[in-house]
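Next come two complexes, and both contain chain A; in the first it sits with chain B, in the second with chain C.
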Partner chain A sequence: MSEHAATKLKPADDPAYKLPACLGKFQLPLLGGGLALLLVGLFLAFSVQSNEDVSMPRFGFSAYLTAYLYTLSICLGCLFFVLIQHLVRAGWSVVVRRIAELMMIMIWPMAVLFLPILFAAFQENALFAWTNPDYIAEFVPERAWENKKLFLNPTFFAIRAVVYFTIWCSLSLYFWRGSVLQDETGERAATDRMQLWSGPAVMLFALSVSFAAFDWGMSLAPMWFSTMFGVYFFAGSILAAHCFICVSAFLLQRCGAAKDEITVEHYHDLGKYMFGFIVFWTYIGFSQYLLIWYGAIPEEAEWFYTRQLGSFAGISIALVLLHWLLPFFGTMARTVRRMPAVMALWAVYILIMHFVDLFWVVMPEARVGHHAHVGGALGVIACVLCAVGLLGLVLGLVLRMAASSHVVAVRDPRLRESIAFENF
Partner chain B sequence: MSESKVEATDHGMVAEFTTVDSLLAACRRVRDAGYIKTDAFTPFPVHGIDKALGIKPTILPWICLVAGITGTMTALVMQIWMNSIDYQYIISGKPFLSLPAFIPVAFELTILFAAFGAFFGMWALNGLPKFSNPVFTDPRFDRATDDRFFLYIDSSDERYDEEGVRALLGETGSDYINKVVEDESPKQVPKFIYSVWALSVAASIIPLLCVLTMRVTNSSKPRFHIFPDMDFSPARDAQQTTSLFGDNRAMRPDVPGTVARGQLSGSMEALTGIDFDALTAVDPGAAAQLVAAYQDEAAGTTTPPAEPVDDTPWLDHIPVTVDEALLARGKQQFGIYCSVCHGMSGLGNGLVNQRATEKQFDTWVPPSNLHDTALYSETYPDGKLFSTITNGVRKMAGYASQIEVQDRWAIVAYVRALQLSQNAPLDVVPAEKQAEVKAAVEAAKENLKRQEEAAAKAAAEREKEQN
Partner chain C sequence: MSLAIPNGLDNTVERPGERAPLVLGETTYNDITEAVCQVAERPPSKTWVGSFLVAFALLQVLGLLILYLIYTGVGVWGNRSPVFWGWPIVNFVFWVGIGHAGTLISAILYLFRQEWRTSINRAAEAMTIFAVACAGTFPGIHVGRAWLAFWLAPYPSLNLWMWPQFRSPLLWDVFAVSTYGTVSLLFWYMGMVPDLATFRDRSKNPLRRAVYGVLALGWSGSSRHWMRYEKAYAILAALAAPLVLSVHTIVSFDFAVSQVPGWHTTIFPPYFVAGAIFSGFAMVLTLMVPARKMLNLEKLITLRHLDNMCKIILATGSIVGLAYGTEFFIAWYGQVDAEIFAFVNRAFGPYAWAYWIMISCNVISPQLFWFKKCRTTPWIIFVVSIFVNIGMWFERFVIVVTSLARDYLPSAWAYFTPTWVDWGMLIGSFGLFFTLFLLFCRTLPVINMAEVKATLAKEHHMAHGHGEDGEEH
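So, the complex of A and B:
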């Protein structure tokens, strides 16, 4: 309390609020390198697909979808982070909220980057098995398909995608503009407006993300269904978003920005959320597994059964041990959470595991028949290159946006409170 | 109450502050002066007060962690012991030890134990429950819940001396410094507390008494159903009707093409008791027909084979391994299915037969005495005996649907053992067991004699009474 009065705010044009040069200089390398890696990754992925030995006609686009969902999940997680901070009128997070906002606005370029997936949806058997009549005839009972095809057809798929992106782009633009304009005006009413709209926004977000996850993740296996899948995707997204904020804050501070503003207390709080969302992801993932395992109904169990065979069996076990158990104990201690460098390392680690998670969701469905495989070392490398490339491309754009604004919401009315924030 | 009333009841020194900043400054001073046994009281949580007072981080998280892990382990060990070892029960076709099913309970117990660890650990670390604190005696201390901040130094601190502490606190700018003395108010528990306590105990016994009363008394009223859907199970029994299926039968027929467990196991010889090679040699048509019949039966399409003709080449041996385990199994199965009519010793004097004879049912066909030489293996081959058990004979129904193939052969083996036991000379018994058998026979004779004597005596007495 007493510190609030003592906290001195720097003027809004202080260099500590600007993107530091040592990060800004990566803008072009990230844009160029990211694009190059993405193209190389895609080339490799399509060459794995055209290899005669493997029957994975959907491998190329699947690799792109994995990378796309990976990047998009971080953007969506950041969007949700911003919404929820406004919804609960959070004070602590103001110093790191701009990082989330920068990633949130990347939904706009992500909408453009969705075009290849939309294209694939209109091609027979390019990405979604439900575009392939042979697959449907063999694996989806006629009775089920009569109903499913009302939902799983390219036209409706495209309409839905447009709806999702309309929602996300509008939301991200509204909250981005609100925050950035406040940098200039310092208008308090802007905060009030954003708080007002964050309620309906969260509802729209929840529905759209759930259905997007059904469309782009769950429908890869046309017969499979899990009402929890949307939450599962969201759990990974929000976890990744907190990790992204944590590691970005660390890098910013290493380069000299926001050195006095972001304190160990904020890492402590981000660490708490990372820990919490690791458990949430596990809770949702396990709940989904438990129900399907217990019911053991063929059309439900098949999805997990596929992931218990071959190399995906190892990944399934690894997800339990490395996506939950290791970071669970790793980020549990207060001492650890109050060490920014260690938390940043954990954040990077979890971001890598988040990729493994989405790889495990998407890639097994690139196969034909029952036995999924990762496409050998080349297949794995191709998927990793795609993801690194796409993320790099987007990060380049993030730096571009950051250079033209601030890295902290400089005139937010709660900035002082946030800087003075202390954990009990 | 260890403090003597004669001694000075000096518990420590308390100082009042009006702002958080002055309190924090005072805390730092006191900490730097080396005092350890200190405490601060504020109307709301104050950031950084732990550091200002030099309070070490609590070990509560460790207690919590250990309690949580204990909870996980307790849940897992409990469920593994109950479900996988002590009382194995197939649930939903899962293995006895299936980890996913155990996780929800493990999760809950982890949370429960960790919460208990945190809650009671906090009590223990804070010395709770504590009903009074000497600082409450200070006339101004009530404002610690309102608008004043207090700093307290305990007199048990090594550096504590009254004047020094008073001077130190005075330097911090406190306007009000006061010695904390023993609470002189009476320490007896008020009488009415005992009454309340006694009444609560008495009241808590009432439900138990109600239950006990109901257990030992009779009532003409219908019983109270706590779980009606468990008392009146909606599950249907065999032969009942249901609206769930089109044919209104609750009992479902076998799905065509399915093979039940144990069906079609073993060779045709083991299934029919007929020497198939011999049958094929004399009557290939009949053999083929028999095979087809059994295959159709497995497919659920036709009735079981008709009784084979009597010139059938029956198996003259038991086509499964005969050992002690099989005989024990045969004895058990014989006891369950056969002895009610044939008697435990196979003499045809089972309880059903006794009653039927007593009541003189005219439709009753007495069961065979299994010690009839006509039923010995020379005239009644093993295969035929098996076929009789399987398909029945005269009034005896076939047991194919109730006794598994392996067990039917076990009964055949046991019947052969029974037959042998009635006429076996002593020298077939191993030398070391002969004495035992002799003794058993002597004892049995003795027993029989006693029973006869007792019966004769009883008869005599009855006669006497009647006279």
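So, the complex of A and C:
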């Protein structure tokens, strides 16, 4: 395209590519505030121990796990976003790819933040019901447990976690370094190399993420199983990643960075993907529900049954209406997708719903007994504080990383194409 | 024909920052028209006549066997207790799966702005419709009394005063497949209108001219026509995209809503969709690799197109492999005896041969496509695509037969053996498919000329644009 060649690139050290001061100044408040909120949240969560008719010994760590999976899912979604852009040699996304890269490299601190969960796995009944001999004796058939314990035991759990983080940390470091070094050298071959490795990387990613989802989400209900569960976690992650990119791009531009580079066309495309992944999440969630409901086999149906009772019944219905129906119609129109501020608002909204989704996956398993309970207002507040705190802490680290590099992949060979890109 | 030999340029290599061309050689708009129209306008070649006679003979086999079946009853098949869903359902799912590539290429790749789709979308869409026709045949005759197949339609039948069972996924299938067939047909036809007008304008025979004239709906190529065409195309693409997912999702529900071990597993919907795309692309390659050679279309369907399709085969093949693995793992993890038995029985029971054919063809053979050499050597692609077709047929065989042959009651267990009618109908369905496809090659534009020209126009612009790229890298 002729306009494509006419696009003038700014020099790599242009201030438009640097983290704007009005965002950078939030670094310390986010780090400090995030940590404080997380600690307060945890304190509250650990004080939610029991209720009149339900005992909830696992509430504290479950609240942390919800917050952890929430932040981690955004990081993993961003990692996948980067891998897939390289794999398909995408041109449109280059101007927003660095945002995803900044979040994906946060898998490193997330590996450290995993330690409390690892610790909990070694404690009796702190987080996972399968660490509780009483639970096993009462709810798990003896012969099944003979085999299941080969997989669900703290040592093997820890080994698997090490494997996942080794994969994710190596992948995120490789693609982060490739992109950041290219900022300095502008070497085209770097893009070729990343393209080459993105194929095997996607395979490793798929395998590790689905097993991580089995370990950290599905195994909370030790007898429950669903082959779709890994895909369900992935669907939420990739949706959250697109929302994160959209809202970050908007904030960057509001503060003056990448003003000429990220255009309405990129919001339009991000909007299409957000819409698409809302549908994908719904498709996966609905299929999983339909098949289990239709089969009505007790060991499978139990998981949904728990979520149809008490306070979780409302959340289940809310997910259908607010995680699917509302954003589905809300982000459908072309006009809406071409309004950056509106899309940023939708992105924030969907990120909130993504939290509700993970809350709905994790928290019902915090109880002992048949009726799941949200833990009252205190419980909900504690979970929200944990999630906001942990995310804030990680965002503080993102700003720290961003301050020492660029907010756009300044010398990516496809930058020009990305800036000139237009939707037909 | 100036398009016969590709020039030396390797368009499978793409320097980051530039885009490799999708049309090779010093090709002009007129070259494209000539290259595509000659396929239908020249007298049929000996290869075409030979292939057509074989395909048409096989089609007769199918027709006669259907008559035999209707006259005698479904007992002519190998479907016996406990395997009541035998080859007819296997063939149905196999053909529906193949019918997925066309609409994926035309709708989903269009929404993803994948311009390489323009050279292959027409033939792939045609293939889709023919595959759906093959698929539709099997449930239609599997109902036993084929003359009452219309009872599948949702109306309160006058004989029984009953509606069909709306809670059955078999009924949802009727809706899904017929909707898919209709939308695919519309999409295919609508996309063809500008090219049909080209055929009309070039026809010298008045009869041909009249027929193409009617089909072209008075297309004049005015900008108003183009504007409406583009709009309609985008809307149809957006409508067709979810259909690509829904059809095989519902086919997977046929199995997964039941409680049969090996069928009832939640990953079925996305795994079936990936498998369908996998088999669809394999069939596109099976047809295109020889066709581009025989019809002299190598400058329009380039190695880059083959390369891209091979990558999709590799990706979807690996997704299918991951799903096989996940199913196996969860069967063990769930510790439900019947599930564990179903999967161990698949891999090591009496049908182990079928299971390992499936694994080698579907999971192992596409791994060759990690190597660029394999993705750009037509004969290797052809061989792998045949393997994938075989593997995907066996996948459905493994799912349908292994679970039913070993149900909850060991006293009912039996080994399924197909009859000669089963064999004949499977082979005959290929006759139907190839007859339709060969007729399509001779009568309709096999490549979307209008879209390829648009791609060419874009590339010419790019080529000019990049001359001014002053940035050093």
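Structural remarks
Just so it is clear, the second predicted complex is superposed on the first by the 419 of 424 C-alpha atoms of A that agree within 3 Å, B and C clash if a C-alpha of one lies under 4 Å from a C-alpha of the other, contacts with A are read in each partner's own complex, and residues count from 1 in each chain.
Going forward, contacts are C-beta pairs under 8 Å (C-beta built on N, C-alpha and C of every residue); 3 or more make two chains touch, one makes a residue touch a chain.
Everything numeric here is computed off the predicted structure, so don't read it as measured data.
With chain A as the common reference, chain B cannot sit beside chain C without a clash. Touch criterion met: A:M228 reaches chain C, while chain B stays clear of it. In the overlay built on the shared chain, the residue A:K259 is in contact with neither chain B nor chain C. Applying the stated contact rule after C-alpha superposition, one finds that A:R334 touches chain B and leaves chain C untouched.
In the superposed model, A:L207 makes contact with chain C only, not with chain B. In the superposed pair of complexes, A:L9 makes contact with chain C only, with no contact to chain B.
When the two complexes are overlaid on their common chain A, residue A:K25 makes contact with neither chain B nor chain C.
In the superposition on chain A, contact of A:N147 is made with chain C only, not with chain B.
When both complexes are overlaid on chain A, the residue A:E422 reaches chain B alone and has no touch with chain C.
Between chain B and chain C, more residues of chain A are touched by C.
Only one of the stretches 7-15, 43-51 or 79-87 belonging to chain C overlaps chain B in the superposed arrangement, and that stretch is 79-87. According to the touch criterion, the shared surface of chain A, contacted by chain B in one complex and chain C in the other, consists of residues 1-2, 290, 294, 424. Chain contact summary for the complex, chain B toward chain A: residues 19-21, 24, 45-48, 57, 61, 65, 92-94, 100-101, 103-104.
Contact residues of chain A toward chain C in the complex are 1-2, 4-6, 9, 89, 91, 141, 143-144, 147-148, 151, 186-188, 191-192, 195, 199, 203, 206-207, 210, 214, 225-231, 272, 279, 283-284, 287-288, 290-292, 294-295, 297, 299, 411-414, 416-417, 424.
The touching residues of chain A, counted against chain B in their complex, run 1-3, 286, 289-290, 293-294, 296, 332-334, 422, 424. Note for the complex: chain C touches chain A at residues 14-17, 19, 111, 113, 242, 245, 249, 253, 256-259, 264-270, 314, 318-319, 322-323, 326-327, 330, 332-336, 370, 458, 461-462, 464-469, 471, 473.
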